[in-house]
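Letters A, B, C and D name the chains as they come in the text, with residue numbers starting at 1 for each one.
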């Protein structure tokens, strides 16, 4: 189609990013989010809604749960003949994680990047949740005649949060002077959303240069080196933004959406977020249920109290149980008389014996996958 | 469905199996076969036609080309809601290939094996081409009340061929006495087809025992140890059989099908072999074409001479070119005046400068992927 | 070999006018049910789970939305290479003009070429307006084990209600049907036909060809084909079904079938992971229950936002209940909106209908369930 | 935002009786072409490649096989969540009985509700019996750039043939259509309508509603709607198409269109990997050419087995040519079998038809192409 000029690339997280607990079992892109979604549903839906119909999903480790989720891309509204959603693997696994860079992954699949007729690339992270019209961003990029356009989000809580994120330092013309790791010393920062738009040609050139420069170089690093040679511009993103870059940010990202207004900002009806259905039946509330300020996925049976929580698919909350400030992943059981607060409970876990598991929302706890506690 | 009692497991090859050249780029299961197929199309189609609708494909390395090929299983005629064709990964890659056993891969996915309602498993290799009704084999197995049923193929050329295969040594009651690597010293052997039927329970038990015995143990090894404790029976397979276990057997397997009768035995109309379409147009023959005793996939343009060869999708044979006793993979170009004999030419290769590339069918040559020669 | 030798045909019938406005724009099988489903999801999911690959849906009324709903069969996994769900309205042929279906049997007769193109050994005839879970593969096994010419699924009904059904009188030992009575005044048994038949296709085909030419016939399975088979001395067997089964032909019965979901003992367990009911997947966020909501004894699906009180009710996709609203003993179809302070009692609110703020609809002691098919203005 | 604002409707028309036995069992769009394709693959693939997601196929004749062919749209990738291919035969509605389509425009009028349910900004009307590759997205851009009410694709034809077509007289500078003449005796231009229209849906909808009530109207786009629009002073533009385009309404033209595939200069390049024509995928082995075969200037697809001579011919899926048989200037449809020693000249052999051994069919100097639709006995 003539309008679809950009190849979509969904990147994996750099080696300094790690989500304790959950990431032992799957990549961040495959994390359950808000009960119903996976994190990667957001970047893929953003691309699909922006008429990007060739999407490459780069994967560094543990592909199992993503491969099944992504399938042929039909459920992401992608024509599987004229377009695709494709998993891209990097075969050579270096032992030292520092060597497993995005640049290496792209170069390993260069054939597939260069072969397409697309003139531009849109690169978005598979580990951040936000809504963005990439078609509009592409238009902005082309009209500005910049070499590279990057997306950032202005925040006023960079001291406490976004510790694994980078910031963009901008000049008065919104030109990017440099990228810098958030050092937690300044309140107001422009958090880099790890999102780029540029010509495909330039992208490939940068990859080659990065490789020449250092075998540990990432795309961000080479672009940082180019800030004064290239015209790199920042575009501000507004609306909901949740980078999933450590355990706390995962918990906070879910919790933030329990404010209905915030959720409605992310879930605009003209901008559907696609996911893969699990064919769960609706959720059943018993006479004993007390539910407040919570998102619940389908397939649950609720007999107890749920407050200020996100409840994943197929969970069971027994009568007399109290769930507060929690994120429950899929198929979690909370037994009778159990009081649980401020926990992330991973898939298939059963909490029945421990009658109290209480943590403050500032320091949420974690119950392991498949655990019975 | 009440009849579908067996879970299908497609296994990867043991570490002693290696196909020079081609296997540098993909696993054997993903090899192009007879121009149109991948090797794995045969075991998957056998299972699909036998009403096995849950199929797990185990993969040791280089998943890229298989993931796209398998998709959701729709084109293999599998209901993607009540059944599946699923890629199974083993995350922990040991450096020493001897440790990457099938047993380890199954144990890593034990949850997915045990969770199904299927009572039996049918295990078939992803690296052998043959036609087999597994439903009939399952019935034979159940009726015989054996613990394990294995498939073998009687050959009279085991001295020269099947060097990477194992043999089954049978007693007079078709009981298996032992499995033994083909040592090339005897003409007549029963080649083991790496295919098993057994109860799922027993399978899981054997996996656990194998792990306890040795961390290098494979399923075959533990079953070999059990030959006198368990009732293990051999069933003879008839018809076309081509194990792809080294470079020569890959070449020979393709060549053997150039006999139309042999091909018709493999491609019975009541037993469709499914594959993923590439939407290539039909093949065009020019006025200068001379084609004899060859299989050609779609999308080719033939201006030259093709004899006793297999021509893959989208190949171009220029006028004046001569292709004899060759296996061409996808998108190969043979230039004007080039004479090529006894070669396996890998994907995207162009033979234009070398005017003669001639090898005897006994010692076929190989042209690398993406090479221009 | 693949057991794909039984083809299913769903009789989706005519308009279903006893469902009033609910079938104004859609054929009955496309009517919403149970929070996230449509009625036809049940026979289609039963087919998928029973290993049936090809399903014809016979309808002559408003097939467009039904067509786009089932097209391709992907929602039920019926989109594999040799699978499919096909809506079959009446059509013009080389030797026949465009004509409506004259009866249930005629609907099959007019599609003999469709059935033949799949060359099945058996044909399964289903109704498009029943809610139940059934393994047709087991019924087929029963049919084969009996070496039957036709097998009819039956369910035991209270004997006093039996005169409302087609009743099978069987040899109690063998299950062979000795007599069939359509709505008998004095029923001799309580085995009611569920309208689910398995026939050997070759035999049925012969009978349909003869029936088409018979000017006396009403071209109906119950009235013509089954009696004729019994007359001919064919082997007909009754297959006893135990479990939840409901005909949802009226507003009251549609409401009841929804209410049954709130009752753990009704026997209709949609949470059974070994026999899932598949349906169209719609992109909405998960259901949200607000700070001040009060939800008890309810069945709620994705996209709903509840800010008021919901008791003893079923909420379909993206229904919204405003603050202070009260929803009792009611069914809210997809996109229904209840504005703040409105009160609902014993109603079905149709798709996308809005109940204005403070409005009161329905009544706690009405005999029948009220269908609210048009927006209701709020009270100022 | 997703550019999904144009919906396509393919007029698959009536029986196509000039194709004789080829349309006995299938509607014309389902007729085989070019080795592995069916005619409807062309508009459907054009849609898929142009980024159009929803396609309606209007037919009233033998929709069953067409329906099962397109169902779900998976073959063209048109099975993504918001995509689909829907066969739309005439149907019974709450306010309308079952009636045949009275003309091309009436076919759209009777499906206004279908179109509305997708709420498109533009509607693309296509014919179901043309072979061509066209990027409708470019035509839409032209339509938008001109701020047009309607855009009609036109192709230059030899002026002496122009009186066989609907001819557009345009302002040569702007491309705006000033006059439309249906099959004019004395054509003023050589721009023939290809029967491909883009309309703004809101405007067309209004006109269709008016046209339905007009008892004088023949309810045809060419005869009624377009002239009316010109009359009303609407902005109509001609979009010039350059490239291969063929109407395959007769046996001769169907044969010619197949023969064009042998001609590198015909302009119909099916090997273009940037604009693939997608079709149903059939499991067969690759084509096999035997030891004694002689194949020259031929177009052959998977499943074929050639043991004889094939010159200047097109062989469709699984056609088989026995030893010593000679096939010249012919088209063999799927599953056609030519037994040893038979000789074919200038014929189309229909699907699954068998030409017995030593039989001679067709003639090298016939004026018309012979359609062989029934088995031909061998010569003893």
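What we mean here is this: contacts are C-beta pairs under 8 Å (C-beta built on N, C-alpha and C of every residue); 3 or more make two chains touch, one makes a residue touch a chain.
A quick note: this is a predicted structure, and the numbers were derived from the prediction, not measured.
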item	value
B-D or B-C - the one linked by more C-beta pairs in contact	B-D
Chain whose Cα centroid lies at the greatest distance from that of chain C	B
Computed distance of Cα centres, chain D from chain A, in Å	45
Distance between chain centroids, defined by C-alpha means - chain C, chain D (Å)	38
Shared-contact residues (touching 2 or more other chains) in chain C	74, 79, 81, 276, 278, 281, 283
Where chain B touches two or more other chains at once, by residue number	74-75, 81, 274, 279
Chain D partner contacts - residues on chain A that touch it in the complex	1-4, 48-51, 53, 73-83, 117, 133, 135, 270, 274
Chain C-facing residues of chain D, complex	15, 24-25, 60-65, 67-68, 71-74, 79, 81, 84-94, 98, 100, 111, 113-114, 117, 281, 283
For the chain D and chain A complex, residues of the former touching the latter	1-3, 48-51, 53, 76-83, 135, 137-138, 141, 274, 276, 278
Touching residues (chain side chain D, partner chain B) in the complex	34-36, 74, 261-262, 270-271, 276-279, 281, 283-293, 295-302, 305, 314-315
Footprint of chain A on chain B - complex, ascending	61-64, 67-68, 71-72, 81, 86-89, 91, 93, 279
